[in-house]
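Look for subunit A in each of the two complexes below; its partner is subunit B in the first and subunit C in the second.
Then we have the complex of A and B:
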């Protein structure tokens, strides 16, 4: 179908953008790359009175790669995670996940922040943001605030962003030495939303023992869930001696996935277990490579 | 454009020609190309970004024209399937599709051609896996894809040898 009738504005500064949001509140919807909003408009599942194109705000295109943080403006396209080698090295989790998001044509338009704000429970980027503990910089006429990923994602397609607020950037912590990251998912077809997506970060000591472990799961509930595993049987062991499957199963027992057209709850639980086992092992093996490389220097 | 309006004044360059038009704010780029400019080479399949038939490039980057508003495109450069062939006839991708029987009903073909052309501008020597990855966002219900992949790999080879010849002379 065609989008419903709406009014369109393309503010040329953050100030004008915030004026519009203040004035129209939940009647307005910002559009960045449009790869989540446009299907909703075409399917008539969304009918905002005003669509605010944020692409003309110059600051929104900024990507700042710093030592400890990568600051991603709301107009930075997902495709950048494939083409920018510096960014890929700093945030390897995103570099691995990006290839699983849609297709080149949607990644070329779709933005990193836009996907996070859309908050589809099975989307890859909210899972990455949750695992890494990303922070969302938010602005409104009333001022600015920062929301951490844990409090940002509320439920399916819902965040704690107020109608008059906009995300002016997401801050992602860069990879830490001695920590490995991994992302994997199961989807029906290449580029589809995941049935379940899992991200892991595993830290190793110099002698190869697990010092930290975290996992985040998408698709198993209305929002991405993070599970700290540092206090489990993983800790202080070599990864190959750790009971990965048992730990994964314990996490799965806490999941309450729903059945839908695409997969049953039981199937989702089973692939969660398998994916967790895989990404924990992959993340640890990457951490080990990272340590070997550091020692070689 | 700081004040919301149901209509937008835009200036868009399509296949090298610049058009200024007053469009309804909700006009998709796909409908703008087809209905307002008469460029019906861009096909509309699913109209929600799943099929890839309406793929064009925006400032050199692939985009679904059904998931793009014409209003967002002010000042942008678009290339559609009509922009592929040049004064010397078919683009190597188009010639290869013909040669390899990479189309049957032809409905999805414009999207495949534009996608493949964009890929070959970035990757001159793609593997079969890379071709399949790039084309994974385009759906074809006739061919079973094998001949499309064959055609793209063959076009890549043709374009490489053309580049080599040009460099040698």
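Then we have the complex of A and C:
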């Protein structure tokens, strides 16, 4: 479990980083926290000719919390989701999901963007990005572009990022008033990748009727899938009167999860259904609390 | 002073937890080369090996196959030969033209560093001419099956029959007979430190010096000496801090021989460190058994007999004789009265990693099947599980209890002492059984599913033939203990220091325990089978008592009294009647050694304060335990939460309850893994699918509940300190207990658990199957 020989580069600016990516293309692999790439290197399942350590690019460490958007640089560690109260308040979905991601030690090294770029379909952060409609700011020598989460995640461990491109930040929308968020998963052990992870956002009107609902499911297909539910029987009802189970079943019957050592496809499908009903109810109840608080203010 | 029985904090911990431990990979010698082992990627194949590209790589020093190295064609020794194993087969050091499991060593690359060695390993070309792989344990015994060993008539390594009474006539008159097919799947030990060997030829002393992670350094000394054609005194085996043993480090593996042989051949220090992937694939596994058993009882649930057959998967070879299945076969009756017993065991070869003992060693399987059968009886007859067990437990008055057949060590299996009904009562008391049952029933009406599981077990511990100890009182009055049983983390430097300090009346920190070096004492067996505490601990007490007697005899001369009037206290020999009259142990040593050039001042006693002692137990002493758990299951996700876990243990007299508690907690952790997680999986071609910790899961600290531990002690009459072994008792009952609890929690759904480990997905499947079954029944 030692990696094969590779060149190591540690650029100290975005410019230099992009030069290297341009020069080496798919021979190169950027490394941030190394929580996925290091095992892949050691198991010789990845053998890039050049490993580009992006930790010395100063801008990459930036976390900007703005009114409507949180901009997360590619070197921002997952641990921030536990320690930064402002971030937790602005993006409560991350605050809830973070405890399910690995362990303190891995979160202290692993980065938010790194996990998203690794694109494990059962990882928590890609599910969050998918639900929230995150946008990935991407740069290359040729210029910059923005990719939304729906088009970013392609399949298991695959994104639409080109070899000479790098994500310079992920932009997450902050929580909207009257919208509640919830995240839940089933994993073999605490801290493991999810067997299935489900995130939900439910918006309520002042009188408690569902105005919007979205869910994202990870672990049940090659990439996290988002299902807009605003047009379903949820809309215009109180959550407790909505046919959650039927809606969840309808969504989950469309999933095509795979069986592996840890769980059967059938289990994954049925648990998606269960988790979906739970997170929709939780999200709605949080939205209601949010409204109550707004009114109290 | 009372050092014996004290919750003494471990002397080892300060060094280990501040990163000053020294493990195999911390040993670095000048000019050291590194070995990587090339392993079979096929489960069963004829091989031709071309190493020319690997040899040509820069930085590669040598490449060895069985053809290049005569020593590599040797068959590795069976560590526990036993005539019951009629068809034993061992692997050669390196595969000789044929491989029989994925991971079997084929070649050794020696390079300037591990990175280059791994690069070169990828360049070794192995041509596999594959043969049909034998994977399925039951199909392996069919006539059509391919054979793992072509020279044998079938895949049967041995048949073992264990019996007492007359099972068939007991079954004929039984009121209740339950029958089960129960499966325990393959698991392994996952010590934090993988295996590793460093060897170098010491030119100054003309001897081979080896550091390894061995539980049996004296066995390795013999094996290495034989391989190198040296007398044993020219081989030294040392074990530094070793990060966990689990039993499977008690065998002679390829690398234990290969590394010293290569070091001798190249006249260079050589290091081999097993990586986790190799460890998961090629360090020996355990557990796989399929049982088809019946239990017969009277109307009130009294056991009349157990009979049936089980199949034990020994993998491709039999490196530890028939010990694991034999232990299962003799442990099935457990702490219960089973007057009629007839069980046959088929030991079966498959093209999988060989099987050796892993903490518990055949006993978790035995406990699991018996307790599952008892649960079936309870259900059938409507008897409370605790009451049913109590009815069948051997009572305190019945000890010593003759089980009725021969044990693993060839002696009549006799439980020396015990009081398991008291353990059960205590466990129920801690659990607050009646109220907890009522709570479970109430919560069930609210749609919450809690259940209780209980299991009792025995463990044969402290087995022979002997351990030897050397002990000296130094010139400064401190004590040195030398012994042969190495530590893999058991805290021997603490507990054995307590035994010596207690008897010699010296402060605990004045006793230094030395182990892990075959130069320390002449003979030893090793640390396994929960034996070091009992056997070495007894030898320590005997040696300490010899020195005490000697100190008092010399003290009597110096204090002009008789030895009977004296005692040892605070590092002194004191007059019992007047403790102000005393003499330091240091003074005694000094006096007895005399002055250079002069005659001995006390010629009757000889010089110094040094002794050796050995202890040989007549047979095993039996530890017992009763575990209970309260779990809650979410029937929608099938996630199980262990709310409470109670372990009441009888390990006889405890040297250090703190260390024993640690053993129990560690044991329960493995048991939790054996219940939910630890599963080595092969596909039908014999490829192992669990080669990383992403696939092979162990219970982490996040998954293990707080273990509520209590100890009740019935001292063993078989050793001077009344001790019993505590190394495996924590593990043995766990799969049985949690399976019972989960089944109990899901009783309304009619869940029927017949296999461990089980995942939430397995439980979900089980729940749905039983749903449909009960629907069919009611329809």
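General observations
By definition in this document, the second predicted complex is superposed on the first by the 297 of 297 C-alpha atoms of A that agree within 3 Å, B and C clash if a C-alpha of one lies under 4 Å from a C-alpha of the other, contacts with A are read in each partner's own complex, and residues count from 1 in each chain.
Rule of thumb we're sticking to: contacts are C-beta pairs under 8 Å (C-beta built on N, C-alpha and C of every residue); 3 or more make two chains touch, one makes a residue touch a chain.
Please read these numbers as outputs of a predicted model, since none were measured by experiment.
When the shared chain is aligned, subunit B and subunit C each come close enough to touch A:1. Once chain A of one complex is fitted onto chain A of the other, the partner contacts of A:79 are limited to subunit B, with no touch recorded for subunit C. When the shared chain is aligned, subunit B and subunit C each come close enough to touch A:43.
Look at A:188: by the touch rule set out above, it reaches subunit C but stays clear of subunit B.
In the overlay built on the shared chain, the residue A:108 is in contact with subunit B alone; subunit C does not reach it. Legend: residue contacts after superposition of the two complexes on their common chain; A:267 is shown touching subunit C, with no touch to subunit B.
Of the two partners subunit B and subunit C, more residues of subunit A are touched by B. 1-5, 39, 43, 103, 190-191 are the residues of subunit A that lie in the contact sets of both subunit B and subunit C, per the superposition on chain A. Within the complex formed with subunit A, the subunit C residues making contact are 114-115, 118-119, 122, 275-277, 636-639, 676-677, 679, 681, 689-690, 692, 694-695, 697, 699-700, 702-703, 759-761, 764-765. By the touch rule above, subunit A contacts subunit C in their complex via residues 1-5, 39, 43-44, 103, 186, 188-193, 195, 261-264, 266-267, 270-271, 274-275. Of all residues in subunit A, those touching subunit B in their complex are 1-12, 16, 19-20, 24, 31, 34-35, 38-39, 41-43, 50-53, 55-56, 77, 79, 99, 102-106, 108-109, 190-191.
For subunit B in complex with subunit A, the touching residues are 1-6, 8, 24-26, 28, 31, 47-49, 52, 55, 58, 61-64, 66-69, 71-72, 74, 115, 118-119, 133-134, 136-137.
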